[in-house]
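Letters are used for the chains, namely A, B, C and D, taken in the order the chains are written, and counting of residues starts over at 1 for each.
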Amino acid sequence: MEEKKKYPKPSIFKPLRHLKYLFRKPVSHPLDTIFTEKNAEYLNKNNPFRKNKIKNSVPRTAPDNIRGFHVNDWEKCIGCGTCGEICPTAAIEMVPRHDLPRVAGELQQRPVIDYGRCCFCALCVDTCTTGSLSMTKEYVFADSNPDSFKLMPTETWQDQEVELGYQKTEVTDLLDLKRVEMEHIEPEERIKSYIEVVRGYSKEFAKQEAARCVECGVCTASCPVQMHIPQYIKAIWEDDIEGGLKQIYETNPLPGVCGRVCTHNCETSCAIAQRGEAIAIRWLKRYIIDSAPDEMYEKIFNEPVSEVIEAKVAIAGSGPASLSTAYYLRGLGYHVDVFEEKNRPGGVMSYGAPQYRIPDYAVEKDINFIKKIGVNIHTNTRVGTDITLEELEKKYDAVFLGTGFFAARKLNIPGSDHPDVMGAMDFLPITRDFARGAIKLDEINVKKSVVVVGGGDVAFDVARNCIRIQLEKYGKADVKLTSLETLDILPGSDDEYIEGKEEGIQFFLGNGPQEIVVKNGKIKGLRVWKCTRVFDEEGRFNPTFDSEQETLLEGEQVFFSVGQAPDYTFIPESLKDKVTIERGKVKANKDGQVEGLDWLFVGGDIFRGPDIITAVSDGHRAAVAIDDYLYTNAKKKEQSEYVKEIREAIRFNNPDLALKPTRKRTLN
Amino acid sequence: MTNSINNLELVKELVSKTTTILKEENIDVQQLAFEVNTCDIHHVLSVLKSAGWKQLSYLSAVDWPDENKFEVVYILFNWDKPVYVQIRTKIDRENPSIDSILPIFPGAKYYEREAHEFFGIAFPGNPDYEKQLILEGWDDIPPLRKDFDPSAYSDRKFPSREYPQDYSVTDEKNHSLEKRAERKARAERLRTGGKKQ
Amino acid sequence: MKEMKLFLGPQHPGMHGNASVHMFVDGDIIKRSYLLPGMLHRGFEKQMERKLWVNNISLIPRVCVPEPDINEMSFATAAEKILKLEVPERAHWIRMIILELARISAHLMAYGGLGGPTGNYTLMYHAHVDRNLILDIFEKITGARVYHQYIVIGGVRQDLPDGIEEDINVFIDDLERRLVEYRDLGIDNASIVKRIKDTIMLPEEVVWELGVTGIGMRSAVNKPYDVRKVVPYARYDQVEFEVPVSDYSDARARLDIKIKEIQQSIIIIRQCLAKMPEGPVRVKPDRGQSMRWTVPKGYAYAPIESSRGEFGYYMVSNGGTSPWRVGVRGASYPQGLLGIEKYLPGTRIDDAALWVDTMGICSPEIDR
Amino acid sequence: MLSTKFTPKNKMTKAEIDRKWWEVGDYFRRNSLWLLMYCTGCCAVELPPSMTSAYDMERLGMGPMATPRQADILLVSGYLSLKTLRRLIYTYEQMSEPKYVVALGSCPINGGIYHDSHAVINQLDQYIPVDVYVAGCMPNPESVLNGFVDLMEGIKQKTMNGWKRYHDHFEWYKENQKNSLGEVIVHDEFHQ
């Protein structure tokens, strides 16, 4: 450092050139682009020399994507709380708002933001499931009271309509709106056999799908049994199959079945479905069941429940409602006998839904566990013929009826008495037995061309079964499906429609059948009129037709899938007048206890309907109600701590009535 | 840099000649990581320094409570042969101590003081390592250890605001949210280990 | 003569940021000195471990306040190194524009900061007005003036808004013209030069002893030791720029390099705007919703050239939803702590503020 | 009217005279506020634009002041770590009265993003009284300036009396300071 650096000789005049800025326009922002109106008013009044200088003052308008204070569109917001979950500063708290209506897919709560925490990162906006939350261009807020910084965002900011600033775009979105592709067997392949259509997730894909869940739990309220959906999805993501299995069995004893054929109201109300594809909740449940080894099941009830309560319950039928009742009663500590008329238990699971949707091994896996915990299932025993209801009443302390809607219903139109006209519930059990190999192909009466009437899932089951049988029998398929409802109000699920279409069903939607045309003792086809409306203004079923638009759907056979009917022949004369039956369903209280007959409980189709998962919930409620009815008078009721715990869990999880989600059609 | 591959080879050769390498990682084309025995640290660092890696970019520690170890990290850099070299070594978590590298890199002085302050690692050889640097009047375990919970500490020492207004509208008869929370808590209890994320 | 203790900061107009230089002086000459850091300690490294990968973007810009973007960039690159994630091409170029604008703004702030210790307030006013224009551009691009939270793992948060190229071009053209004025007012101003030349020298040996990087190092060793050149990140290997150097490191030389670097940054931004391709700007690091993003196990160190030197995040991931450990290598660590302790003694009291200013000492990144 | 007692018209009590003088003082004070230049946290980075030509705070009669004894406003710009809080209390107690505290950003209100940090306090008004809070993280210069005008208006309306509260509740403030800081004054190698 001895020699000092020589710099070019600096000038003393050069800096003076800056004097030119004296004559330039000032760069300062004018006062009227800084202050709010209130503060401008103060400044105007305060200075005696510059009175009313600042006019129409508004703080500078911010650019388009500025992250200012929040607004929340309450019409759109569903109270899922994802904003609060992601908030890095824990500034967002969800507060209960019971003044909001309680509907499916929404929670009665809304976010409140603490601006003493908020860091204006807008992650809440980016992750909002509905897109209701956004940020404004407002950024000025000062106050002397520190308590005034906790604000509930509504559509307005400080009661003013304001311009929106930062809003989420496709790029900034932090949710994963696309479902992880589920592998399906290709249509050409699957119609050749009864192989299961949906392959199920692999571990990797299941974890990816599970990672999409935001754990908001809006789904649970619309699930009839209120399963712990977010928690078991999280268990999958954390690779904790055992925990997931335990969580599932808390509320659903038929998860293998429900993982395949549930009506999945949960997915309809899923928060992700607000803007994207719902989480594949049903398939994730199936993933847990498929990947849980048999040994793991022992950990659900890790010691056999010996009969702790000396009371016996008989159950008529072995469908979902009956098996659910049996499972929970067994868990509560009762002796349970199930009577089934067919030679396999399962009811609609074994004889209704087709094999390609729900294979026998899945049904067996569920039922085996129910058997394993000590439920006795007596097959080939029909209540009413093999054993009467009166006998059951005498031998048992309580009786549960879950006999279902197993009779076919037909439309009363000309020609419907023809032998080639079949009802769905007559046909489906045959196909199921055929798929099992119990019936030969020749014994099935399916003609070369077929017309199916109905738009529900069952109609699709019939149609797709027909395709499979026709292909095997004749080498080619010809199935027409007609329903009153057009596609937008079709009761069947989207999956069924898509898959049915892929498999070659010809659709004639929006038509009302008028006559089955019979010539020379053979069916020629079905004459239909265009349906102009299905429901009247009050929303009641009241179809009208336009006779001008008439079509003849050609076919040699007609299947009616226009609903099922109960069969109450097993109810003896002595009880007939005590049981009230309204519109085919037994009248009972909320839990299924028949009025006037305290020992008799009902559930499933004959009580509430219409799907498997509701039947399971009926079963759970009935089991708890039966426990209430029997427990106080039971002779022996000492329990170990472990059994007490199980009983407590079952009673705790007793489901409320589900909220019905309003369905959004994604197809067009 | 065109010869970055050669530089990587050079470092690998240099380190493998000097010491036994427990683990080697190629992080990218200009970054290498070696895990070595604690006793070899000084040797490796001085060899690297004399080979041109004379800038100590970073020195710190990582806590691995499951293994009951602290991992001390040294990152060296050579501006002429641009390769970042991470040298790591694991030391015991109980009474952690590692000799100071001040004789090799004088610039390590404050890094070591900080590592002592935040992890409690002793650096014998560094005259000032026990003096407090960033914290003042600290009265708990060193804060960057995994078993220190800042949230609990904050709750204990610094009260949070309780706002008077809560915006809630509640209905005595409506228990849907409470029930939901109870169910959630129950389901959470059923979890069995699994992989902790 | 009796030794006397003086504090420079934390509350002192010549001090940048909330830190304190303790000096023991004899007359005007500093005998002993050290920095008292920690006034801005927030426990960042601990906080990062406790936040999700996605949440961290709202935390990290706060590590260094005058130039927040380098934190985002360093964090994102470190995570991308562990993830082995390919960032979309356009995102690289946008990142470079942001980083260079941030560098200009930090340099302007430091250059204007010279006004404090030397009493040249005109310079400070001019520099801050220009810096304010950069903040306005940032606000248009990212939605916030200072904490942009814009560079994220996998790219940038959103694409550039329409018409921003025009705004940037107008600004950098204007700034380029004004650079001459900045020289006139500052380093070529006779009164200032007299004050700053040959003060607080940094000899080459000291550089290696301290481990100083950045402008301090380049002004002393006369070699283009710039992370952008030596270990190029983003697309710095595809733009042409010079690294200004000097072989005589006094306060004036360092400020001279600052002005030259602003010039180079302008050149880089021009090239970026010209070469930037169209296309996507962001890829998600993982499937699923953001709160369940994970980064595989691994270690990475991501060095970035900040306005003060090599700035880097050392990141350790355990495969979870949050980082296991993030260590911050503050660029001003060596000159701020060891430099003040070892090298300030022997200089005059009034030069301490110049050291803090020209070496670029950013107290929040020392304290974290 | 029975009263014959004569009250001199122009005689004011001492308290009234004091009040009048305060009003006069307040008028000048609020039009010439001096801001203590103590950058305690990140929000300080928005102060240079507010002070320099871009937003030009001097149009409000405000300016930076280097020493606490001559300053009117203590600006708490953002979060406060424990170490700073200690110095802030020294500074606050050194300032001459009347003195006002303006807190910028989320952090002094309820901890902000550092609410769970081991080094940062959550509520500033536990330790010293605060007169105006400005929301934002960080607040734009516009918000800062609007906050200052709020303060002026408050001075006019005599609602900004945090410094009186500090006198009245001195024990309470000291108690809180002690609970969080341990000891307000430290003795270590840095402060021999």
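In this section, contacts are C-beta pairs under 8 Å (C-beta built on N, C-alpha and C of every residue); 3 or more make two chains touch, one makes a residue touch a chain.
All of these numbers come straight from a predicted model, not from anything done at the bench.
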- Considering A-D alongside B-D, which chain pair is linked by more C-beta pairs in contact? A-D
- With chain centres defined as C-alpha means, what is the inter-centre distance between chain B and chain D in Å? 39
- Query: Between chain A and chain D, what is the gap in Å from one C-alpha centre to the other?
  - Reply: 56
- Message: Can you compute the centre-to-centre distance for chain A and chain B, using the mean CA position of each chain? Integer Å is fine.
- Response: 45
- Item | Interchain centroid distance [CA atoms averaged], chain B/chain C, Å | 23
- Specify, in ascending order, the residues of chain A that touch 2 or more different other chains. 27, 88-89, 114, 116, 119-120, 146, 237
- Query: If you look at chain C, which of its residues touch at least two other chains?
  - Reply: 38, 41, 43, 46-47, 50, 58-59, 129, 147, 292, 367
- Task: Name the residues of chain D that each touch 2 or more other chains.
- Result: 53-54, 83, 109-111, 113, 115-120, 123, 137, 140
- Based on which chains are in contact, what kind of graph results: line, ring, star, complete or other? complete
- Sort out for me which residues of chain C touch chain D in the complex. 5, 10-13, 17-18, 22, 34, 36, 38-43, 46-47, 50, 58-59, 62, 65-66, 109, 112, 124-126, 128-129, 131-132, 135, 145-147, 364, 367
- Parts of chain A lying in touch with chain D, wherever the complex brings them together: 26-29, 31, 34-36, 39, 42-43, 46-47, 59-60, 69, 88-91, 114-120, 139-144, 146, 149
- Task: Can you check the complex and tell me which residues of chain D touch chain A?
- Result: 30-31, 53-56, 59-60, 106, 109-113, 115-116, 123, 125, 130-137, 139-143, 145-147, 149-150, 152-154, 156, 159-160
- chain A residues touching chain C - in the complex, by the definition given at the top: 1, 4-5, 7-8, 10-12, 14-15, 17-18, 27, 62-67, 85-86, 88-89, 119-123, 126-127, 135, 165-166, 169, 171-172, 174-176, 180, 208, 210-214, 237
- Provide the residue numbers of chain A that touch chain B in the complex, in ascending order. 95-99, 102, 107-110, 112, 114, 116, 146-147, 150, 152, 217, 220-221, 226, 228, 230-232, 235, 237-240, 242-243, 246-247, 250, 649, 652-653, 656
